[in-house]
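Going by the order they are written in, the chains are A, B, C, D, E, F, G and H; count residues from 1 in each one.
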Amino acid sequence: MFEELIISGYGGQGIMFCGTLLAHLAMEEGLNVTFFPSYGAEMRGGTANCRIVIAREEIGSPMVKNPSSLIVFNKPSLIKFSGQLKEKGLLIINSSLVEEEIVKEGIEVIRVPVTQIAQKLGNDKVANMIALGVYIKQKKIVSLESAIKGLESILLLKNKEEKKNLIEINREALKSGFKYNK
Amino acid sequence: MFEELIISGYGGQGIMFCGTLLAHLAMEEGLNVTFFPSYGAEMRGGTANCRIVIAREEIGSPMVKNPSSLIVFNKPSLIKFSGQLKEKGLLIINSSLVEEEIVKEGIEVIRVPVTQIAQKLGNDKVANMIALGVYIKQKKIVSLESAIKGLESILLLKNKEEKKNLIEINREALKSGFKYNK
Amino acid sequence: MEKKILIRGNEAIGEGAIQSGCRAYFGYPITPQNELTAYMAKRMFEVKGVFIQAESEIAAINMVFGASLTGVRTMTSSSSPGISLKQEGISYMAACQLPGVIVNIQRGGPGLGNIAGSQGDYFQATRGGGHGDYRTIVLAPYSAQEMFDLTCLSFQLADKYRNPVMLLSDGIVGQMIEPMRQNWDTNDKNIEWKVRGEDWILNGCKGREPRMVRSLLMEEGELEKLNWELNRKYKKMEEQEVRVDLWNIEDAEIIIVAYGIAARIGKTVIQRARRQGLKVGMIRPITLWPFPIQVIKDIAQKVKSFLVIEMSLGQMVEDVRLAIEGKRRVHFCGRPGGSVLEVDEILDKLREISNLK
Amino acid sequence: MEKKILIRGNEAIGEGAIQSGCRAYFGYPITPQNELTAYMAKRMFEVKGVFIQAESEIAAINMVFGASLTGVRTMTSSSSPGISLKQEGISYMAACQLPGVIVNIQRGGPGLGNIAGSQGDYFQATRGGGHGDYRTIVLAPYSAQEMFDLTCLSFQLADKYRNPVMLLSDGIVGQMIEPMRQNWDTNDKNIEWKVRGEDWILNGCKGREPRMVRSLLMEEGELEKLNWELNRKYKKMEEQEVRVDLWNIEDAEIIIVAYGIAARIGKTVIQRARRQGLKVGMIRPITLWPFPIQVIKDIAQKVKSFLVIEMSLGQMVEDVRLAIEGKRRVHFCGRPGGSVLEVDEILDKLREISNLK
Amino acid sequence: MKKVFSYPESLKKTKFSYCPGCGHGISQRLVAEVIDEFKIREKTIGIAPVGCAVFAYNYWNFDVTEAAHGRPPAVATAIKRVLPDRIVFTYQGDGDLASIGAAEILHAANRGENITVIFVNNAIYGMTGGQMAPTTLLGQKTWTTPWGRKAELSGYPMKISEALGQLDGVHYIERVAVNNPENVLKAKKAIKKAFKNQIANKGFSLVEVLSMCPVGWAVTSVEALQWIEEKLIPVYPLGVIKDKSKST
Amino acid sequence: MKKVFSYPESLKKTKFSYCPGCGHGISQRLVAEVIDEFKIREKTIGIAPVGCAVFAYNYWNFDVTEAAHGRPPAVATAIKRVLPDRIVFTYQGDGDLASIGAAEILHAANRGENITVIFVNNAIYGMTGGQMAPTTLLGQKTWTTPWGRKAELSGYPMKISEALGQLDGVHYIERVAVNNPENVLKAKKAIKKAFKNQIANKGFSLVEVLSMCPVGWAVTSVEALQWIEEKLIPVYPLGVIKDKSKST
Amino acid sequence: MVKIRIDRERCKGCEFCVIVCPKKIITMDKQLNSAGYYPAIKIKDKEKDCIACGKCYQMCPEVAIEIWKE
Amino acid sequence: MVKIRIDRERCKGCEFCVIVCPKKIITMDKQLNSAGYYPAIKIKDKEKDCIACGKCYQMCPEVAIEIWKE
């Protein structure tokens, strides 16, 4: 297994959390993993993206150039990265914000209106978890159960006295992503 | 000709002026010359000395280690440098301040009570010129006339509106050094 | 199974310092090392150490100077422009033989440059960007694990030699998050640390003669004497402290020499090159100074040629050339300004080299 | 006969600057370069230029940065510790491609050291003590005459390449007084000087588009682009600006390589060695960067071995080794900490070398 | 119809890269307006700091350079000395001016350099992600004061303008804020005065602008306006700190 | 017979290397006496500056280090933070403290570090041979102001103590002189207070000592005493500049 | 008559203009602009109440507002 | 009775003690000391006038003076 993933979107869309959670899940599965974040030239706003490599073998460069998978949350990200996707790669698009139809051939495209689904769940901040759910199901890096366990433990670690309902809604988002039928 | 000279004494005894004047005179004679000053670790007081090389050929290092001549104005200088003097070297001692008799063999020693002579001339600051006069006469690097001319031009340069009597007394000092009979 | 945690390179350095007993940290914000300063702000408070956000990098290195004088383990960190400002202070520490760890998470230069990872400060780190004939040991981690481990080693070596040690990493390894072994006791109270160097530190002259620590040495020959003393110490480091990581050397015909992030990229290159049938191995200097001269000399006997890869216009390549002394061809592939070396480009270069007679 | 004047090395630099049209000087006192700062205080007033005793070396180099932006020829000077403090600023100037002259009258280091002449900052000067892949041209005068001449050349090269140039001398050459040709018009009013670089300077955007001068280049590949551009410029310097002085080379069997004050000592050594029948010559690099690699390579064909002499623990010797690539033995004789190389010691070494097979 | 409030000529059309609600945009517009009003655009040279405002050269429509962190006063000094008939100003954050650049501002002020300084005090290091600034308030949580700034550990909110006011070289210092339209207009007046002083060769003038950094303070943009009113102004009172024209 | 005025224990017997008539010897003796009187010699760490006083480690009979030029406050801060029960002080010249080290002193003061600073203002750079200091008087001739200091070119005599007085972290600042026996005794009192404050954990204390540099001023030793009285004190008036114990 | 123009693409949605407008002419849009912000927009039919006081202009950090007057 | 001692070798001849002494007990020597300075010396027979005010001690930059009292 050698998976190279780029996740990209606006700052504030939870890109980094999505990526670190995935890295954590991979680590818990005993895999090697690297996570590399990148912010645009601007402090805030603008695009943010991260690169994740997951592999059984030792990981050399963490700097993914031609990802095998790509998750994009907005249009600029699609424009920027879709060309770099490997042949037969996986592309997950937040169809709530990205209308574009034209993407290159020979890749698998999954469109999911993650922002809408998230809004329905009551918080558009969990769009990231929905996308992650979709991704995990596709790539089978980890089971849904492990993913949920990982998510909970990380949220608990980060926000010691976090309200339960934050965990709740994130868990639900992850689940609905996993169960989403394209 | 290859002359290496060290002049040494207390700070304030006019060591540096003495040395630069000599360098100037040598230059005017068309010789190569270097002058290198050195102050002790302390700002003022302590010893000051300078190293002068005068030669027809190109001068390499200005850092005289074994001088062919040495002029010392005080006891610490004698102690410090006399051992480094070359064989057959010339040693001029300010006998007003240095009583020591024992100096190494095989060198030419001239004792001149330059401070006393200077005091007689009316200003113990010109002791340096007396010593220089003695030196010039010995080494014949320059004639007394050229030396006086050089002295005057330098003093004029340095102190644009300098009182005449400063030039006067320096000139006299140089002369009496030149004429001093050991 | 060992416990692993996911940690950012910069934070791994911080924890390494804490676990090494570092109890005085002085820093000034600069990207891409900010997580380290922030980490220290939090952890020093927890372990009752000293944390000061200094008014500048200059103040920070001079605080390290002061803290080191007292015998506590101490550290500062910054990135390229800030490290330039510390050069005078580092020279003073070297002259006064004060231990201390200086972390440089390199970014793109020269000037303000950018905040991407880069390796443009190799010369500065290994040749002494400061004035005078001094040396600092330079360690170059290439993973989160090494960020931790080499930080610990930095403190040990700094103490062992009473010398500043520089940890030279870059924005990529600093920002990257990776699993790392957590093989320490997480109860801070159990972290052992003690004051070092009871024979030279300044802590009040009770029960002993007053001491002075200084680098102004104006008496004749005094400074020369210090320099020869330092020189002997540096020679000892050259003999004893070289560390290097070899990879796929046995059957290699071409050797990649790379450190830090470039070495990781090099590993990807080698993985792919081997699949294409190219016999490529790697020498990864872990100590950039002292540089693994002998290791390179020895391996040079057995291989065809060398390829140095750096995220710079070519700095370490000089050390490789100095080691090889013209006995093998030394090729170079570099990218400056914080741009990341391309695996494909290096592969091309390797193919080109392997076709050379 | 040409008119000669007796002048101190430091002051010869100052007059060279004035005669080159330098009209903005910024300095901070430090021994052994104080005569230069004092000289500029006096002369700048006379020629109606700008003189500021800055609050620090850091302020001074950043003032040079500012003055250079306006198109005026500008200079700063200091000695070792002060030069360390300027490293960030020099890196910024290199990044912004701003001309300017930086004078380092080296003293003994590391740390506060002493105020004697030394050559311990060679690495710092030639490898860029600051961060990032930049280069400064480094000129090394060895007489009062060259203090003047090479200062003039520094300004020309700085302008030609829009790059900082370092004049690297030391306390001995700086303090030494020697005759120098006075071949300029002593009426200050006749000194010609003009603003340079009308196409890049900042002086208000009247009649043109606004300009920006900056080194923060955050867009993808932007900083890399600058670095490659700089690299091309540096390559051009390497091709065109090498300057070297050869002495008694024709029949030489052993070559002394030395610069600055060490080269003067070397001359005395050679004068004496020749009297003793040793065929010794000298290569004196005048540009330390770009280094006379090819000259050394060529001469290496014809001679037996090399002896590098430096008032340091051995820095330039690396460049000589890099040039010679193991083809000849390169010996070294150095003294650190501001102690002066002994003629006799070097003579001994020469004899030893000439007896080697 | 006539434009009554329009984009100043001294601003390029480029979008700012600042965070939503950031005060830098307002201050930089005010500077641009003042320069327009004095008609000095073609002879002005601006010096951007290292800090969020570093990108000012992308925004201002006149000659701009960027100085090393903390060194704008040194750069400005040299430019003004060489070109005394140009208008030279620095624009600096609190980290740049009061922390790493404390010596440079103190000395430019003490020399009485005839320059204008716009000092944007947002009580935080914005660009590097929100560390303590010298001007950070007691109790304020930042990346490097995770439990709030404590005087014993990190000292006091630094009153650098008051300190500078003690120096004989200083002609004019005023503290303003940009947290409501009235204050913005007062800020503009102060900035105008600071440039007018330079035009009239009066010497060193500095305007301290209390400015929003919602991201650094971890509040919403609108809350940031109140934060200035309720927290910042009580510690840094608005008004003239020194004005040599008025003394005597 | 009993010794009534004798060489303090906290001074080694080494001779000073200062010029005849230099004020450093007096100030350093006063520090030594105060340390003797508080019986803190064995727990004191002194920090010498770069300047004529750099050799202080040869004179003081307790632990002493030498900081890089201008950085004693940073070095002192670190030592005091790591060893809060030791007595830590800096001894700095006007070039060291007010010029290159302006940022460091400002920030140590603002942090309210519990240290003592002896600031020797002799209105000149002594060690480097007599250049202008920030505190040099207008009209004063130095190596770098050959025609006398002019405000337009070199700024004003810097009142750094007054500027520091504006910072909340400062507990105590007083200016004294050592130009006559009465002033010397007052200087000692101030120095004593500055150490006492540290012992009592009161925070940052600084004593500015107006001090003779006959060589730098190009006057005789005796003239230097008058020079302080007639020239220096009118610009730098003696007395308490700030004392938190007294305010309230 | 007064006209105001809010540059939708410059706006970053800070809401300053909304809260300072004495006539409550401005509100926030529900659609993102291309930079990912919800920009300010004029409330339909409210523009006629505008008195050109310029408060929105003064407070807008993006200089996204311009105002015309008869 | 009061006794003062001036360390001839420490003294650098600044004359401070001479001018501050209210009883004019001190003067300058005509002989250099080994460091090249003309040091201060007690004027013969004047020491008995000393009141141990310590002014010379306070002003001496070289800490060259010590004073004893009965």
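Everything that follows uses one rule, which is that a contact is a pair of C-beta atoms (placed from the backbone, for glycine too) under 8 Å apart; a residue touches a chain by one contact, two chains touch by 3 or more.
Values in this document were obtained by computation on a predicted structure and should not be read as measured data.
> Count the touching C-beta pairs: is E-G or C-E ahead?
E-G is joined by more C-beta pairs in contact.
> Using C-alpha centres only, name the chain that sits farthest from subunit C.
In terms of C-alpha centroids, the chain at the greatest distance from subunit C is H.
> Cα centroid separation between subunit F and subunit G, in whole Å?
Those two chain centres are 59 Å apart.
> Need the CA-centroid distance for the pair subunit A / subunit D, whole Å please.
From the centre of subunit A to the centre of subunit D is 55 Å.
> If a residue has to touch 2 or more other chains to count, which residues of subunit D qualify?
52, 55-56, 58, 81, 88, 92, 96, 112, 214-216, 218 - these are the residues of subunit D that touch more than one other chain.
> Subunit A: which residues touch two or more other chains?
Residues 41, 45-46.
> I need the residues of subunit H touching at least two other chains; which ones are they?
In subunit H, 12, 37 touch at least two other chains.
> Any idea which subunit E residues touch subunit C in the complex?
That would be residues 50, 54, 66, 68-70, 95, 99-100, 102, 125, 127-129, 131-132, 134, 143-147, 153-154 of subunit E.
> Mind pulling up the subunit B residues that touch subunit H in the complex?
Against subunit H, the touching part of subunit B is residues 10-12, 45-46, 74-76, 97.
> Under the touch definition given earlier, write down the residues of subunit H that touch subunit B in their complex.
Residues of subunit H touching subunit B: 12, 32, 34-37.
> Inside the complex, what are the residues of subunit E that reach subunit G?
Listed in rising order, the residues of subunit E that touch subunit G are 1-8, 11, 15-16, 18-26, 29, 180-181, 184-185, 212, 214, 221-222, 225.
> Which residues of subunit C touch subunit F in their complex?
Interface residues on the subunit C side: 23-24, 26, 50, 52, 54-56, 58-60, 62-67, 69-70, 72, 74, 88-89, 92, 96, 202-207, 210-216.
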